[in-house]
Every structure is written in C-alpha cells, then in structure tokens.
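What follows is a group of structures, each given as structure tokens.
The two complexes that follow have chain A in common; it is paired with chain B in the first and with chain C in the second.
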Partner chain A sequence: MPIYGDGNKTEKGYTYINRFFPRVDARDKVTGRAKYAGDLDFPGMLIGGALFSPYAHAQVTYINVDKARQIPGVHCVMTFEDLKKEKSWGYYTFMSSRLRYQGDVSAIVAAEDWESLQKALKSIEIEYKELPAVFTPEEALKPGAPLVHENDPECEGNIWSHSRYKVRKGDVDAAFETCDHILERVYRTDPVEHAYMETEAAVAVPDTTASGIMTVYAGCVNPFFTRRWVADVLGVSRAKIRVVQQTVGGSFGGKEELMGLTASRAALLASATGRPVKMVMTREESIIASTKRHPFTIKYKLGTNNEGKIQAFQAEVIENVGAFHMHEFMNFRAAVHAAGVYEIPNVKVDVYGVFTNTVTAGAMRGYSSPQLIFGSEQLYEEMAEELGMDYMEFKRLNMLKQGGTNACGQVMDAPIILPEILDKLFDKTDFENKRKAYLNQSDTLKRKGIGMAMFYRGCGLGAEAPDASAGSVVVHDDGTVMINSGLVENGQGMKTAFTQIVAETLSIPPDVIHFIGVDTNTIPDSGITAASRTTVMGSQSVKLAAEELKGYLLETAAMMFHATPEAVELKDGMFKLIGVPDAVIPFQVVANVHHWTGQQAGVMRWFKPPHLDYDMKEGFGKAFPTYAYGSVIAEVEVDMQTGEINVEKITCGHDLGTVINNKTVIGQIYGGVLMGQGYAIMEKLLIKDGIIRTDNFDTYMIGTSMDVPEIDAVLFESDDAAGTYGAKSVGEPSTEGVAAAIISAITNATGIRIRRIPINKVDMLSILHHSNDDTVEGGQARLKSRTDL
Partner chain B sequence: MSDFDFISVNTIDEALDVLARPQKVTVLSGGTDVMLRIHDGRLEPSLLLDVSRIEELKGIKEKDGFIEIGAATTINEIGASELIKDNAYALYEAADVFADPNTRNRATIGGNITNASPGADGAPALFALDGEVLIKKKGGERRIPVTDYIIGSYKTVLEPDELVASIRFKPCKNSAFIKIGLRKAMAISVETVAVALFLDENKIITDCRVAFGALGPSTLRARNTEKVFVGYTPNEETFAKAQEVIAMDIKPRDGLRGSREYRFSTAHVIMERALIKAYEK
Partner chain C sequence: MILHLTVNGKNVETQISPEQTLLSVIRGNLKMTGTKIGCMVGECGACTVILNGKAVKSCVVNAAQCEGMEVRTVEGLANGEELHPLQQAFIDHNAVQCGYCTSGFLMTAVAFLEQNPNPSRDEIKKAISGNLCRCTGYIQIEEAIEGYIAERDKPKEVPDNETKENAAEETVEAAAS
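This part shows the complex of A and B:
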C-alpha cells in the first residue's frame, strides 16, 4: 500500500489536494487577530453570569433576588420562576429549582461589569434542601435508588430508555456452549475533560425593530443546534434567530450542550434588557458544567475454540451519562464498534446509559471508541494469555479481512489495509523483538514496555443519521471565489481542506478562494460538525457545487472561444481550447464576462450519501459507508519505585484513503496522540459525591509541551470511493487507539493488567504494590508474576 | 474581587514606610501566588504593595563567605546563575523544574518562601542549604534560619510591618533536588526532596541535610533521617537504616495530588536517589 511521503506524492495525480497548503486561518490565529466571541464588544453591552448549584442534587426551597437587583450596575436578575418552561429541547434545564448536578443553574444576572455581576450573584438569597443522590450506575441501578428524573416516560428507573442500542449476529448463547475457553472481564473508564483553550462564550444582540431578530455570536461548533437552543428558550421561530459562528478555540466534540445553554441564557438576558449581553464561562464553570467523555463499565464474555478462533463475543456497555443527556445515537456507534476490528461469527452487544447526579457525558473525540478499544484490545490480550498464545498471533488469526463480515454483519467489501499497516509499524519499531526482550526485566527498577492497539472506525455518521449537508460556491466578477458550507471550522482545518477541494475541482489556485464561515441565515442546517464526517462526507456538497459552477463557466469560455463547451478545459486557473496551444483565457477574464453576460454565478448543492441498509431495531446490517483502519504502537518506561510512566515514543499508522493536506493530518495526529496519552496516564477528573474537585488546570492534568512523546505518524493511502476524492476520517482515529496501546505497553513492562483508565503515577504505584493482593478493588490489578518490588 | 489600593515603590525604605502603616498590607512580588489567591477568593487585599521594582531586592552575590540572593530575584535568574549552579545545585535544579518558563520569569524566591505553600519548590532546597532569611522593618532587622521562618501551611513568622530582604547560605558542592509532579512541567509538586552534603577528603559525609516538600502542611527537615548518614556514605546499609527512622520525620497526608501511602512509600526512594546524585557530583 502506498505511504504518503514515500516518494509517491503525485501518484494520485492531484494538483491542489494531496499536498500541503498553509491553513487559511493560521495567520489570524498566530498573530492574535482572530476574533473569539469573548473578544466582541457592542455599545451598551452587559456581562451575564449564572448561579450554579453548590450541590450534586438539591431542591431550591427559597429564593429572593431583591437585594441582588439593588446592586448598582445590575440590570437584570432572572430565576427559574421567570421561565415559561425549564426544560430545553435538548433535555437540559435552562434554569431550575430542582438541581440535578453541580452544573445546574437557578438564576442568571446581567450587569454593567464583572464586579457588580459577582456581587449580585453573591447577594441572591437562596436556600437549598439537599436530596439523596446517586453517583455511579451501580448505585443508580439498585432497587429503591433515588431517581434522577421521576415520572419521566423516557426512563426505566434511572436507565434512559432511548439510549438502548444493540448488535446481534448469530447466536452467542449456543456458541458459548461449544466454546473451549471462556473469559469474563470487566473494564472501566472514567470521565475526562475536553480542555479546549477557549471556554464557552456567546454574545446575544437583540434587535428592537419590528423584525425582532436575535443575533447570537458564539464560539459554537454546531451553529444550527445553538439556534435551536436559543429559539427554544425565547419561544420564537428559527427565522427569528441568527447565529453567527465566531472563531472557535477548540471543540474536540464538546461545546454543544453548555454552549447552547450559555447562548440561551445570554439571549434571555438580552431579550429582557434590550441590550447586548455577553456571557463567558470561567474555566471552573466550564469544567463543572460541560460534558465529559462518557465513563463506561464494560462487561465482557469472550469464547474461543482450542485453536484460538473467537466463536462468541458478548458485551454489556453501561454508561454513566450524568444528570442529562442528548447523545443516544452514540450508542449505535458503540454497539457496532464494541468488538473491534475482528471477524466473529456470534456477537451480542447491549449498550445503555444510566442517569446519575454527576457531571453529564457528551460527545468527545472518538465518541465511544477510546473506551471500547481500550477494553477490547486488553481483553483479547488476556484471552491470548489464557490460551497460552502470543497475542499478536491471536489478533492476526481473528482479524477482519476484506470480504468478511464485521460485528453487525456488514460485508467488508472495501480494501482492509490493516496487515500492511501492522507490518510497516512493527518493522519501524522492531516491535516483536522488543516485546519479547522486555518480558525479562525482573531486576530493573525502570522497565521498558512496548504495546499496540489496532482498530477501525466507521467514517461519518453512517446509519446514525442522514449524513447530509449543504455547500455553495460563488464566483465574483474579478475571478475570486467564495465558498460556504453548513458545516464549520472547529479548529480541525476544514476551511483549508474545503478550499483545497474546491481548488482541485475547479482547477484554480487555492489563494483566490475565500471561505466565509457559518451564519445560519446564509445556508441550510447541515447537522453537526462531528463524527469525523466533515472532509469525508461534508465536502461532497461543496464539490458538487463547484462541479456544477465549472460547467457554467466552461459554457462562457466556450462562447468566448466560439467553440463548444466540450472543446474547452479549465486547468490551473486558465481556460484552454483543447489542442490549440495559444488559445488561453485567464480565469478572472472569463469570470468577468460570465458576470456581465448574466450567467449563473453561484450554486448551492445538497449531498446525501446513499442509503445504508441497517436495521437499528435488530442491530444488524450495513452500518457505515466505509471504515478507516489504524494501529498505534506505544513505547514506555515505568519506574517501579515511583510509578512514573514515561511514554517515550508513539508510532502510528492510519488509513487516510486520500490525504487532502498532509500537514493538517499530521497536526490532527499529534494532537490526538497527546489527548490519548492524557486519557491513559494523566487526566484524572476527581469527583467527590458529585462535586468536581479538579476544576482547573492546576489540578486537572492535561499534558504540556514537555509531556509530548516522540511521535512517528505514517500516513497510508488506499482506494475507496466513498469519501470526497477518496478521503477517510482521521480526527477521531488519531486519538482512539492511543490509550489502549500505552496500557498494553505498561502490561508488557510490568506484567500487570490495568483494567481501569485513566491512571496516574500514584495509581500506578498502588497497582504495583497491591498486585499480589487479592482484595484489590475493582479488578484493577491482575494477580500475576514479576511484581516483587 | 473587591476593590483595593496599589502602591509600587522603588526602595526598601519606601516599602518599610508603607508596611509601617496601620492598614493591612499585602506584599506583591512576582504575583504568581497572590493573583491566584485573589482569583479564587482566598485573599481579599485592601492594599497591595508592589516590591518587584526595588533593585536592592534583586541579584545574587557572594558576601562574607555566603551566597546571598535578593528576595525579589526571579526563579529564572536563579536558574541561570553559574554561582548557584556551582554552589547550590539543589536550588538550581529546583529552579529548573519550577512551574513553567512564564511563571519562573515572574515568581521570586522571597515570594516562594513567604507564600509558604506546602508545595513550594524553592523552600526545600533552602532548608537543605541551611538558608538564613534577612528580615527588615522600619528601624530594625533580624536574621533567622529559613527552617524557623516557615512555621506551617501558608504560615511564616513575618510580622505585618516586616519585609524579607534576602536569603543567604554557605556554598555547598554536593547538593541535589528531585521533584515528583503529575506532569513534566507546570505541576504543583506531589513531593520533593532536597539534599545537601558536606564530605571530608575520604568522601565520608561530615554533614547531611535532607528536606522534603509537599509531604505535610509545610516544608520540613528530616533531622532524624539525615543523622544516619553522618560518618558514612550513601549505601545499602545506611539506606536501610534511614528507611527505619524516616517515619519519625515525615507524616505524609492524603491530598488531591497524591495519597498518604504514595507519599510515604516514595519519600525514601527519591531521598536515596537525591543522596546518590549529590554524593556523586
């Protein structure tokens, strides 16, 4: 398989994609000129703030805001009593007297400045009655447990009914009867924070004219969803809300729920005061009230025959979704991917979410895969060990191959380049020799380890939702081109990728192309910018629009050449009469004539991928149009006396299909590796009785530049027609296997199996010390060999 | 944040005049702790006295057989000093792993010991080096050991009208510092150790000082443990003996960054490593 950068750069024959082009937003960002929502200022603008719950679960028994309203500079104090309805379309409450987690809000304030705002929030007289609470699914599922939502038709006790998804293939019960080996294990993951640099920020600007349109400028990642939140709280139509996306300081899947709530609360205050209101979450507010990566408890049962062929895979995936939730569709993805990239004849997966009085869970880079790959890859290593087999032999024996069927019975008809990826990475890292050598380090205080994970990811939304989007391309009379999309730049590089794709489609230099960015009044709702769908699927509509526009421009050029459109081509910004060397007209000249002769100068197109035949109810069928494959090799050193884990090197290979911009891809991968490392060995979110104790970056440990390991990213390309120009996803694949590989390497170094992440060095030492202790909590440590220190 | 007054002065005398006022004054040096305490509401100052422009409070020099560091000398200035590197390697190493470069450009050594955070990285090195603090007030001054200066978590013996002017210590050719943090930079310490050794011509230890940071409410000297090494070298025997007595010196606590168990079981590990590093310098 071709590897990008191995001298095959022009193999695919593209001019403007499949190569580096500087990010179109880089200059503004590095010079500090980019405008984030928090940077905006409007005449008469007020500052908004919210009163968050001091308890994990409480009822407000008394509230009086008279004193707060008297504070000089305070313009508006609103409480849950002032709302027409508390609950939003997205289940969360805008404000409420019943506070179901620490991120719930009972009152909001708008004031002239930050100081009077803080005084007002402190002056609100409020009394609470603490309510019995549940914090873990174990507690929440006990008979008689306090209910997070009573009388809710969407709940069975604390289980969220809508969140139940499954996969069924074959008959696991019958298959387990005939298995020679059966292994049951429980793996757990804890929540982690997105840690975007910019916190949630919005400015709501009311319009006092008859049209009454509320404009919201926000660092939102799904402007059409933000519009939905704001329209809902104000009780007005979509047409009365205009959301303009400002530069976003990071998303990683987050900034949906708290962003929508922040924009809504700012809009409420703007509506009440008739003045613009800016609301910016502090870091502490952002951490306590924003969603986290779903904590999973995964109960596995795995059966093989004596030869090591997996016969049956069963998993029950229980998510702690916190107090509110709007991501039931994640569980479709989780169900499909739970068994990993293996061919297994009998599969049964059940996924469901449980409400608790703790921080809410939401989309985060990987959308269930980082948890599932961690669990299943260690499970397969454990099974191999049980069988007395080398785990790579076991994994290769059961690996999914082209023409085979995955866990939900989808026939894998596209190429699966995983064997090539593994061969290349193993060769680069000397994986097999190191792995065997590292098994004999019993005398060393600092032990080396090497480990791996392999995985695949369904590209785009798949059968989860229609992966449809709008894109438009407009040519101006001076030959500049403006593109727009219903999907957005979240920092992932989509504006640059789309610019390159339109340049390639039209065959004009990218520097005449301008991407305007989302204003919900200019383009149809194209759903969420998520699921690594944007370049792969979302750019299809822009490509279609560019192709159509190109047709019109060719007609104009043909008219100028006195030829037929078929006789004309557009190449590198020049219209040419095919076969006539000197017959050339520059793009901008044709564009000018195009305008003044009244030809169609703009096209908006809609793209919806072919229907997928997937049965959501039975959990079987074609789940995704295509899959991206990848593997990560981690090399670590563990200090057996202090528990320090040093990730020395990450080598990873990803199936990119077609690389659109190699440096953007590398950037995604480097960031993904650092996030994956944090998920394995650093990012402990400490929550005590529902209250987050690590609410800023002095206590919540994300990696610094000093923590970045050496990273070697190998970009594989393949032939697969599903994505735009054959592109596949990388934003999420770049992070999803990293934690699994690091944990695998730690096991190679120490001989100890780690069944819960994240851990840090304190946990690591505790695991090392207690690994011979049968009473270790939660199955955390495994009771095996070589732990005499 | 409440309203407060702000005064910036250029001389020690001016600062002492302000401190002599009856009003409660908070001294601002680098501000890397004061600003955080104001941010999270632990501190509501009425008057901030900025001493960061006082040239007399800055610089590192040799004087009367001591190394003397002005209280408003920044951590990065300490980390860049050859004098410190040659004569107080433990302090040099502490400066090297202290927070991050931005913080090190602001934070000062006087602020580090006066804030008296249990996790202060400068304090253990000064404890091990037997540092002395020069304290001034209008019309007077006193000099006390740094080990008597810090008396608890965020507590010192500094009176409201006093200002820390400088810290001094005797040069030491064999010292070392080790920090355990939860990441490789910008980490508040889980625990730290500083060791200062004096050796005779046969490389036998004649004086040994061991200080721990972040283990308890304040920086501490492990006075029982350090005695074990006097007259010996760092070796298996002395380490085993030290491990027996270390419990007399340290009473680690549970915290957000580390458990009591973790701190206790790693304290002697990093102490041994620091002893070897200091000894072999």
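This part shows the complex of A and C:
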C-alpha cells in the first residue's frame, strides 16, 4: 500500500484534500483573538463557583447559607434544597446532600468578583457525616459492601447492570478442554487525567424577555448533551436553551460530564439572578471532578494448541467507573476489541462497570483501547514465552487477515494492511536484530529495549449508537461559502478538514470557505464529537450537502452558458463549458447570479451510515463499518540502578485510508504518542481514600518538550470506501498502542513483565529490586527465560 | 493602589489590590484575554508574558511589584493585520491545535529568540520546556521556531530578481493578449 509522503506527492489525485492546508482557526489562535468560554465578558456578569465535597462519601447533615448571602457582592447562594431535580440523564447530580465522591457539589454561589465568591463559599455553614466508602471494584464487590447507589433498579449491588456487554463466538469452554496450553493472567490499569490546557468553563446568559431563551456559551465535546442537561435542570424545553460553542482548549473525550455540570450550575445561577454568570473550574476542581480514563482490571484466560494457534480467548473486564457514569456504550467497544487484531475461533468477553466512591471514569482518547491493547499484547507475549515461541512468530501466526472473522464474528472484507505496516516499521527500526541483541545485556546498567504493539480500531460509533450527523453548506452572493456542522472543533483540526472536504467536493479554493461553530439553534443534534468519527463519518453530511449545492450552481452556470448542466463543470473555482476553452465564468459571478435569480443557495443534509447487523444481546455480528490498523515500535533505555526509563524513539504506522491533511495527521500522532507515553511511564494520579492528591500540574506530571522521544510517523493509505473520501480515524489510534509498545520494550530491556500501568521511575525502581516471580495478579514477574522473547 | 505599566508599547494605569497577580491585571483590569489561565501555580505557562524583556508566568507574578515595568502580551505581536513572522511560522508548521497554550509558547519563544537568536534544536527544546501543551507533542512547535529562524535568515530578494519576474509576467501577459 502506498505511503503518504513518499516522493512528497499524493497518489490519489485530489486537489484540496490529501495535502497540507493551514488550519482555518490558526490566525485567531496565534493572535490571542480566539475566544474560549472563560474569555467572554457580558455587562453585569457575575462569577459563579461551587462547594465541592471534602470527603469521598458523606451525607450533609446541616447546611445554612444565611451568612454567605450577607457577604457584600454576593448575589445568589443555592443549595441542593433549591433544586427541583437533583440529577438528569446519566446519574450525575447537579447538587446533592449525598456526596458520593470528591467532585460532588452541595452548594453554588454567584458573586460580583472572585474574592467575594471565595468568601461566600467559605461562609457556608455545613456539617457532614462521613459514610463508609468503597474505592476499588474488589472492595465494592464484597458481600455487604457499602452501596454507592441504593435501591437503584439499574444496579446489582455496586455493579452497574446497564454496563454489561459481552462478545460470544464459538464455544470457549469446549475449546479450552482441547487446548494444549492454557495461560491465565490479570492486567490492571490506573486512571489518568485528560489534562486539557483549558479547564471547563461556561457563561450562561439569561434573556428576561418573553422568549426566555437561556444562552450558554461553552466549549463542549457535545453541545447538544450540554443543552439536554441545562434544559433539564431548569425544567424547560430544549427549545429554550441555546448552546453556542466557543473555541475549545482541548478535550480528548473529556469535556462532557463536568462541562455539562458547569454549564448547568451557571445556568441555575443565571436563572435565579437574571444576570449572566460565568463559571470557570480551577485546575484543582477540574482534576478532582472531571472524568478519568477508566481503570480496568482484565482477567484473561488464553488457550492454544501445540503449534501456537490460539483456540480460545476469554476475558473478564472490570471497570472502576467511580461514583457516576454514563458511558455504558464504551463497553460494547471494549468487548469487541478485547482480543485485539487476531483471528480466534472461540471468544468469550464480559465487560462491566462497578461503582465506587472515587473519581468518575469517562471517555478519554481510546475509549477502552489503550487499556486493552496494553493487556492483550502483553498477554500474547507471555503466551509465546510459555510456548517457547518467538512472540512475533506467534502474533503473525494468529493475526487477523482479510476475509477472516474478528472476535465478534464480523467478516473482515476490507483490506487489512497490517503485514505491510509491520514490514515497513520493522525494516525502519531494524526491529528483529535489535530485539535479539538486547537480550544479551546482563552486564550493562543502562539497558536498551525494543518492543511493539499492533492493533485495530473500529472507525466511528459503529453499532454502539447511530453515527448520524447534520451538515449544511450555504453559498453567498459574493461567492463565499459557509459550512455548518453539528460536530465540534476541539483542537483536532475538524474545521480545517471539513473546509478541505467541501473545497474538494465543490472544487473551489478553501480560502473562500468559512466555518461557523456549533450553535444548537442552527443545526440538529448530531451527537458527540468522539470515537474518531468526525472526519470519517461526521463530514459525510457536509459532503452530501456540498454535492447537492454544486448541482444547483451547475444549473445556474448552465443557464448563463445557454447549455445543459451536463455540459458544465466546476473546476478550481471556475465554471467551464466542457470542451470550449474560453467559456469560463468565475465561481463568484455564478454565485451572484444564483442569488439574484432566486436559486437554492443552501443545503442541509443528514448522514446515517448503513445499518450494521450486530446483535448486542448475543454479542455477535458486524460491529463497525470499517477498521483502521496500526502498529507502534518503541525503543527505550532503562537505568537498572535508578529505574529511570528513557523512551528514545517511537516509530509508528497508521492506516489512514486517505490522508485529508498531512500535517494535521502528523500533529495528532505526535500529541497522541506523548499522551500514550505518559500513560505508560509518567502519569500517576495519586488517590488516597478517594481523595486525589495530584490535583495540579506541580504534582500530576504530563510530558514536556524534554520528554518527547524521536517520533517517526509513517502514514499508510488504503482503499476503503466507508469513510469520507476513504478517510479513516487517527485521533485515537495515534495514542492507543503507545503504552503497550513501551511496556513491551521495557520487558525486552529488563526481562520483567509489567502488568499494571502507569508506572513511574519510583515504581520501576521498586519493580527492579523487589520483583516477585509468584505474583501474577496485576503484579510484575521476571521472565522465565530470556532467550525466547 | 494605582499600577503604572507599559503594555505593548502603551502606557496604562489601573487600580489594583496588593494581592493581585499580573495575570489578573492583564485579563481582569485590562480585559486582554489572549493571555490564558491554565494552573495558577506557575507550572503550565499558558499565562506567559514578557516582563522587561524576560518571559514570566504572570499567574505567579505579583502585580504591585511590576510598577513602571514594560509588559508584552500576545496581542502586541502582530502589527495590525500583519502577523509577527513567528506567528506565521506557527501557522505554516501546524504548531497550533486547540490553541490554548499558543500565546504562552509564542511569548516564551519571542523572549528566548531575543536572548539567543540562533539556538540549536536542543536549546529550543529547553527554552520551551516550561510551557505545557497536551495536543501537539511539541515537535511542530519546535519546527515552527526553527522555520522562523530559517525564514528570517534567508537572503532578502534582490531587486534584480524582481525586475526579471516582472518582465517574465509581462511577457506572459503579452503572449496571452
């Protein structure tokens, strides 16, 4: 398959996509003019704040806000007693007397300035009764454990029933009976923080006229979800809430729950005071109350025959979802992907979430894949070791191939370019030679290691939810074009990608195209900007709208040429009469005539991908329209004395289908690699008894420029019709296999299996010096043999 | 108390309280929101401005101590609609994603390049290591800074060339007509 950038030319014959185009929002961002929600100012605007729980689990036994209300500059103090409705869709409470984790709120305040707000929050007289709490699934699943949600029909004890998803293929029990080798292992992952640079912020502006529309300016991952919560907490219809999307300072899946709560709380205060209210989370509030990447406990059982063919795969995936949750759909993705990119005849996967009194879990770049790729890729290495086989030989033997079926029985009819990706990356890194050479370093204190991970990812939402979205394209009388979409720019570059896609479809230069952001009053609910669905699926509606609009414009041009529309083409901003060289009319001239002759100047289209025949109840069928393939090679150096791990180089290859914008893709990969590296060896979120101790960047460490390894990103293109112009996902694939590859490299360097991530230098030191061969349950173990890696 | 500053070349005076940070004066009193709030503990660099020629994290600078000083913020980089060449380099090299950290990186880089106009890649890495970015992985930011230097050091076009180009264009036009 072709590699984008080889010979520095595109293979696919496109004009405006498949190449670099500067980001359409970059000028505002480099000049500081871009407005994030926290930058907005309105006349009479108040500052809002919230009283968060000091405990992991507590009941408020007394609250008195009289003193707080007396503070000069304070306009409103509300408590849970003032709410008509404590919670909305998805468990989370706007305010409550029962505080189920540190991020829960019992009161909110609006004041004229930050100082009086802080004084008021401190003046609230409140007494708590601390309640028994559970922090891990192990504790939460013990008989008689304190319940996070009592009398809840959606719970079995602390298990969230709605979160149960499974995959079933063949008969694992029968298959295990016949297996020559069986391996059981437990892998664990701990929560990590999104660490978007902008914290959650919203400004709610009430309208006191009869229309009564509350406008909320916010930077959401899903403005329609924010609208749902705000409408619900105010007890008004969706039509009375308008969410206007602001520039988003990063999301990575995270600007949903706390963003919605922040907007809702600001709206409550705005509604009560009749004044605009701005609420911005401090970094500490953002870290304690926002969701984290789901902590997983993964219990595997794997069976093979003597030749190394996998016969049966069984996994129980238990998630610590924290106190609240609304991402049961993640478990569909987790169930489908748990076994990785391998062909296995018998598969049984069960996934479920357990409530605890700890920080809540939510979508974070990968939506289960960084955890599962780490676990399963290590598992396969361990199995190969058991068999005395080279792990690459084992992986290649069992790799999913075109025409085969994946874990949930989906026939993989599109090309699988993984073998090409592996060959290229192995060649570039001299993988096999290095891997073998690094096994003989027992005398060195600084040991090199090389490791790999390979993976696939279902593109878009798949059978998880309708992957539908709206898009519109409008042409103005001066020849400028305006795009609107129900999906959001959160830094990933979607506005630029969509602009290029419309430019390609219409065949006009991108610089006449403008993209307004989401205003929920102007476009139907298009769901969440997540699942790496935006370019692949979300831009389809915009493309359809552009195609339809182009048809109308061709009719106008045909009228001007006194020809039929079939005789006219639009190419690079010029309408041309086919076969007549001088018969040319510029786009803007036709657009002007189009307007003044009353032709249709705008189109809104809806896109819903073809139905997928997937049976959720049985856990079997066609789960995703298509899959993107990738691999990561990591090269590390481990200091055996200090535990320091230096990631020297990451080489990765991704199946992009069609590259829309090469520099944007590369930029996403670079950022994804660093985030994945943090997940392996840096980002430790310290939680003691449900209270987060690392609540700012002085204690929660994310990578700086000094931590970035050399990164070689190879962009593979393939032919796959499912996505817009054949594009596939990259936002999440860029990060999902990185931790797995780094851990594989550490094993190559040290001979130690890491079965729990993230680890930091201190953990590594302790592993190096206190490694225990007997520990298999999420502990670490030395390899039995260093020669069979 | 009254604070006097020169902000992006203009003299300003504003009423402040003694505990205010420079960041709060810039965003609150002066209503200039290009400088961002990230952590309020001096760790992320989103609030970086140039104070008397040095890049500082304005969230941990006491405003009262800045009396009479010169402050430069991201709003002062462009000359009207004409971007500072480093801003242009950030666009050309795709060094911007969500953009929240961008003004801090620009101010850090501008102050650094004034001190060290011809840095190595390692020196650039070190110079920006006090600014956090979660989107880009920093590489395209470093490339933008290098790209700016390369562009700056390019020999200026000699008038001779211009004449030749003009002449060539005229020829084309003549041929077309």
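Rule of thumb we're sticking to: the second predicted complex is superposed on the first by the 771 of 789 C-alpha atoms of A that agree within 3 Å, B and C clash if a C-alpha of one lies under 4 Å from a C-alpha of the other, contacts with A are read in each partner's own complex, and residues count from 1 in each chain.
Please note the rule applied: a contact is a pair of C-beta atoms (placed from the backbone, for glycine too) under 8 Å apart; a residue touches a chain by one contact, two chains touch by 3 or more.
The structure displayed is predicted, hence computed values, not measured ones.
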Considering only touches as defined above, state whether A:671 meets chain B (first), chain C (second), both or neither. second
Can A:492 be said to touch chain B (first), chain C (second), both, or neither? second
Between chain B and chain C, point out the one touching more chain A residues. C
With both complexes superposed on chain A, which partner does A:641 reach: first (chain B), second (chain C), both or neither? first
Is A:411 touching anything from chain B or chain C once the two structures are fitted on A? First, second, both or neither. neither
If you stack the two complexes on chain A, which partner ends up touching A:439: first (chain B), second (chain C), both, or neither? neither
Could you look at A:761 and tell me whether it touches chain B, chain C, both or neither (first, second, both, neither)? first
Contacts for A:250 in the overlay, against chain B (first) and chain C (second): which applies, first, second, both or neither? second
Given the touch rule stated above, what does A:27 touch, chain B (first), chain C (second), both, or neither? second
Just checking: does A:686 make contact with chain B only, chain C only, both, or neither of them? Give me first, second, both or neither. first
After superposition on chain A, the chain A residues reached by both chain B and chain C are 697-698, 702-706
In the complex with chain A, residue positions of chain C that touch it: 31-41, 43-44, 46, 73-75, 77-78, 83, 87, 90-94, 96-103, 106, 125-126, 128-142
Chain A residues touching chain B in their complex are 115, 118, 641-644, 682, 686, 693-694, 697-699, 701-707, 760-762, 765-766, 769
Help me check something: in the complex, which residues belonging to chain A touch chain C? 20, 22-23, 25-36, 38-39, 41, 194-199, 247-252, 280, 282-283, 490-493, 663-664, 666-675, 696-698, 702-706, 708, 711
Inside the complex, what are the residues of chain B that reach chain A? 1, 3, 100, 180, 182-188, 190, 256-259, 261-262, 265-266, 269-270
